[in-house]
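Note that chain A is present in both complexes that follow, paired respectively with chain B and with chain C.
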Partner chain A sequence: MASPYKKRRAPVGLALVAALVALPLVPILLWTFAGEWRFPDLLPKEWSLRGIQHLTAPGSRVAEAVFTSLGIAVAVTVAAVAVGLPAGMALGTYRFRLKGLVIFLILLPILVPPLASTMGIHLTFIRLGLADTAFGVFLVHLVPTVPYAAIILTSVFADRTGELEEAARTLGASPLRAFVYVTLPEVAPGIAVAALFSFLVSWSQYILTLLIGGGSVVTLPMLLFSAASGSDPVITSSLAVVFALPAVVVLLIALRYLKPSGDQGLPGLGKVS
Partner chain B sequence: MSARLELEGVSHRYSRDEWALSELSLAVEPGELVAFLGPSGCGKTTALKILSGLLTPTGGDVRVDGRSVLGVPPERREAAMVFQKPLLFPHMSVEANVGFGLKMRGVPRGESGGKVETALRRVRMDGYADRKPGELSGGQQQRVALARALVTEPGLLLLDEPLSSLDANLREGMRELVKEVQESGGYTTVFVTHDQEEAVVLADRIALLFDGRLRMYDRPQAFYERPASREVAEFFGTANFLPGRARNGTVETRLGDLRLSTPTPPGEVTLTIRPEAVRFEEGENSFAARITSTTYLGTQVTCGLDAAGVQLKASLPPHTQLREGDRVTARLPAESLWALEDGPEGQPG
Partner chain C sequence: MSDRVKIALLLTPALLVLGVLFSGGVLAALLQSLGYFPAIGMTEFSLDAYREVLGSRDFLDSLGLTVYIAGASTAISTVLAVAAALALRRSSGRVSAVVFQLPITIPHLVAAVGVALVVSQTGLGARLAAALGLVGEPSEFPALLYDPYSVGIILTYVWKEVPFIALIVLAALRGVSEELEEVAGTLGANAWQRFWYVTLPLISPGVVAGSLIVFAFTFGAFEIPFLLGQTYPNILPVMAYNEYRDIDLAARPAAMAINVVIAVMTALFAALYLRLSRRLRRG
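Right, the complex of A and B next:
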């Protein structure tokens, strides 16, 4: 056990880390509600709701962008998990020749800078008529998300022995029913982690959306980047708050519901073989 | 309900020269409890997996009530299995775990509730229906696992060392429970174990396996009284071995001509006798010996004997007056001597 001295120090360290993460967010919140805030002042001189009003103003297209972002991110999440689940199951469960090579190829899209591969994808998409469409953006978002989902789920299945499924089989469950009734509930937290990763990666995607969407697919990061290169910190900050919201919500959900049954921390971040 | 089980030349190998099981042939009568006994790696668990359908043997046939079940997947074999570990489904309550087999068979909820309750009562786990497996002790989990297997009234009950993960004090209780449940239900049961005591206590018949081969299949007593080979005799505790030559109904040994109550074909043989069967008295098959060592074991005293250069082991009552160096007359009763078929071997170990 830790000594009492250490015990007292731990919260101080945690508080420091928390402050380091949280403090940069404070000016963003302040800017969101700032009216007039000039250089030497520690706090804004005047407060206003201009930033919030901008978010809901019809001309700002914020609502539309949020809707597009959400739609793409949800679709990407579903698709990444749908592809990553069987891949992770096969890689985590079975031994086969050239498994290392298969894992390498699956990870390749996140090892190679996405910008490089997207150039080629862009040319192909233009030919296929997928450039400048939301569907094209959805497809290109799978490039960075599928590897994450597959590798998280691989480690989830690598921790499983298959014994519970064997028990289910001897009790009268077909392979499919053993999967539905036994495997799926057991790996659900892992699937949730893979889904959260995929969602957040897609939600915060800028470069890929810009290249493939070509400006016609307007997601929230597009608005945020163009606002950031402008000169109105109030607008930028209010957009940033909206942008950060899903991450905060998702984190809270994860902390509340993803209690793994074992003591190995969050599932999917264990061993990968 | 209970099935007759036949194995015919069942063989399995995991790779070209790694035989897990070689030409296993035996029959288990309906309602019989047979123990597959052997050291770890002898192929007994492989055999059980083949019976459950989780593993398809590379050769031979498995028949239940005369019909081959090799093509039948585990879920349709009506063979319930209890594993070494409880393997309860962690996300389900005890009740849902026990009811799983019924649910898979499409038994309606109302009907299955009563069966689950009965099964839990049989293993004395009623009152725990709403618990999660994680809240139970290892012994309780294993009892629930037994209830889960029994609830479907399987034709064949397969037990893969279900006691080995339990503490010694729990093991005996569980052993009695298994026996009680098996007898009351009349299930044809195959029980895998490496513990010969467990096999002797539980089984109607024991199948002894070494290196994937069946060495002996008989009632427990036979393993003590009429072992098939020296290896078998040694697996079942201490035994004396005495080389000799059989002729005219007696066996010529260094201890003189010994008479056996069972006829022995002429030729080289190895006689075997349990230390407990050695008597200290005059009479048939008696000879002079000297006590070379004594070891007090509480319920008995084991002693070493030297007779004409032959070393034997015998057991004495705990309050014996005999001491090391005493000269005694020992006798090997004809009915306790058994001639091994595998010919002569060296001095007893």
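Right, the complex of A and C next:
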């Protein structure tokens, strides 16, 4: 018997959790539009659009950084899904010897910080002329994204029975046709999740870009980081809003169009940045 | 095409990319940590860097801080996550999904900026304290950023990771039939006993797996302590980075030795996690 008392408690718990989630986001939004906000005022005395104007001001390099971030993240997404899809198919569909080891090797770059491997490879990148280039940054962004894409797609393929495909083959479809017309549509939502994820992981990346980009490849987190180390909360907050925007958009897309992923949760969701 | 060939072909791209960029990088770090660094004329293998690093005061301070930050963040996140999951288990999946997934998707850097704006000496917290008459000047509010207790760092991690563990716990709770808890209740168990003897054992594999990932992540993560941490000591990845940025190239092997230590430890956590989750799946 579920007591009515418990049912009433849920909204209070939800409100409390929601408030804690919102807590650090509130000052970011307030500071973005703050004009004058001195201690100890609880709310800004004056509002201003200085933060927003900074975003489009030519000298601020924000537009350029957003463009660089987007370009790298989109390229990384395409590559990570292209590489992760076949891996996910193999791991999700087949049983084979050494499968545990392969999963371990693919998961490893998520838990072993890519910083360690990237420092190691930096010298080679310098020799090959890849350091300080967007292409070099794209390459190292694959290290944290390919594992996510592969693991997400593994669970997608593992959830399928493969019966439809078999039926298509029995009815005379070639393996390619069966893949394009049966398998692909079936796993499309999973591919979308893997893509959104890879995008966010690349978009949020700071230290790998700093190391390999060496200051020549300026992405949005570079600007946000130097602003956050400075002392202008208005600029920092407006940059933070832009930086957080794709995460919010992705979340809305995921909630609107993708069916709830059920008990799986999203496997790598926690380690987005 | 035999299945074996097919599997090999399907896995090749991913293993190639990760093999070259990740394993290759770790291997290069290992070689450089052993003093093999032809670019600056070092071609003799030695354990000097490890001897120098592992015995140094700086390293031990840094290791202690790293374990403290990762441990405190993980412990606090785990307790709060279980509490939050229990509180939200009856609310609609959609609402709790939004509430929980927002911190998960928002970048760490944004979370750090937000937390800093709340807990700094002129932040929202200090302003509230002033409104309540607890402090008069900003300097009377405790320093929670760049502080020896790493409060700002830990709070940022807690904000980011509680939802991550909570979602795992929520999923595990959905698998727990409430009937079991009700039976325990009918048999006279109080709320605490029902939680401790019925619910917790059922969700604990998920809780342990989630905390292990969070511990490994906070152990090796860089940017939050780099932004909000004190100057000395700082966590191992930041120490490695500082050594690496040293103009003196001879400091490189030391930086790489720290990297290897981080890689080995996090790889151990990963192996542990995988073992655990496999046992979980087998039930």
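In this text, the second predicted complex is superposed on the first by the 255 of 273 C-alpha atoms of A that agree within 3 Å, B and C clash if a C-alpha of one lies under 4 Å from a C-alpha of the other, contacts with A are read in each partner's own complex, and residues count from 1 in each chain.
The criterion applied here is as follows: a contact is a pair of C-beta atoms (placed from the backbone, for glycine too) under 8 Å apart; a residue touches a chain by one contact, two chains touch by 3 or more.
Note that the structure is predicted; figures quoted are calculated from it, not measured.
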- Task: Please tell me, clash or fit, for chain B and chain C sharing chain A in the overlay.
- Result: fit
- Once the structures are superposed on A, label A:160 by its partner contacts, choosing first (chain B), second (chain C), both or neither. neither
- In the superposed arrangement, which partner chain does A:24 touch: chain B (first), chain C (second), both, or neither? second
- Query: Can A:107 be said to touch chain B (first), chain C (second), both, or neither?
  - Reply: second
- Partner chain in contact with A:229 - chain B first, chain C second, else both or neither: second
- Rounded to the nearest 10 degrees, the Cα-centre angle chain B-chain A-chain C in the superposed arrangement comes to 100
- Task: Mind telling me which of the two, chain B or chain C, contacts the most residues of chain A?
- Result: C
- Is A:50 contacted by the first partner chain B, the second partner chain C, both or neither? neither
- Counting only touches as set out at the top, which of chain B and chain C does A:39 meet: first, second, both, neither? second
- Item | First (chain B), second (chain C), both or neither touched by A:181 | first
- Message: In the overlaid three-chain picture, which partner chain does A:171 touch, first (chain B) or second (chain C), both, or neither?
- Response: first
- Message: Between chain B and chain C, whom does A:61 touch in the aligned arrangement: first, second, both, or neither?
- Response: neither
- Per-pair minimum CA distance [chain C against chain B, superposed on A] in Å: 12
- Query: In the complex formed with chain C, which residues of chain A make contact?
  - Reply: 1-2, 6-7, 9-11, 13-14, 16-18, 20-21, 23-28, 31, 39-42, 82-84, 86-87, 89-91, 94, 96, 100, 102-121, 123-124, 139-140, 142-143, 146-147, 150, 200, 203-204, 206-207, 221, 224-225, 228-229, 233, 236-237, 240, 243-244, 247-248, 250-251, 254-255, 260, 262-265, 269-273
- chain A-facing residues of chain B, complex: 52-54, 73-77, 79-81, 83, 85, 87, 89-91, 100-101, 104-105, 134, 148-149, 152, 158
- Considering the complex alone, what residue numbers of chain C touch chain A? 3-4, 6-7, 9-15, 17-18, 21-30, 32, 39, 84, 87-88, 90-91, 93-118, 122-124, 126-128, 130-131, 138, 159-161, 163-165, 167-168, 170-171, 174-175, 178, 182, 213-214, 216-217, 220-223, 226-227, 237, 240-241, 244, 255-256, 259-260, 262-263, 266-267, 269-271, 273-274, 278
- Given the complex with chain B, which residues does chain A contribute to the contact? 163-164, 166-174, 177, 181-182, 185-186, 261
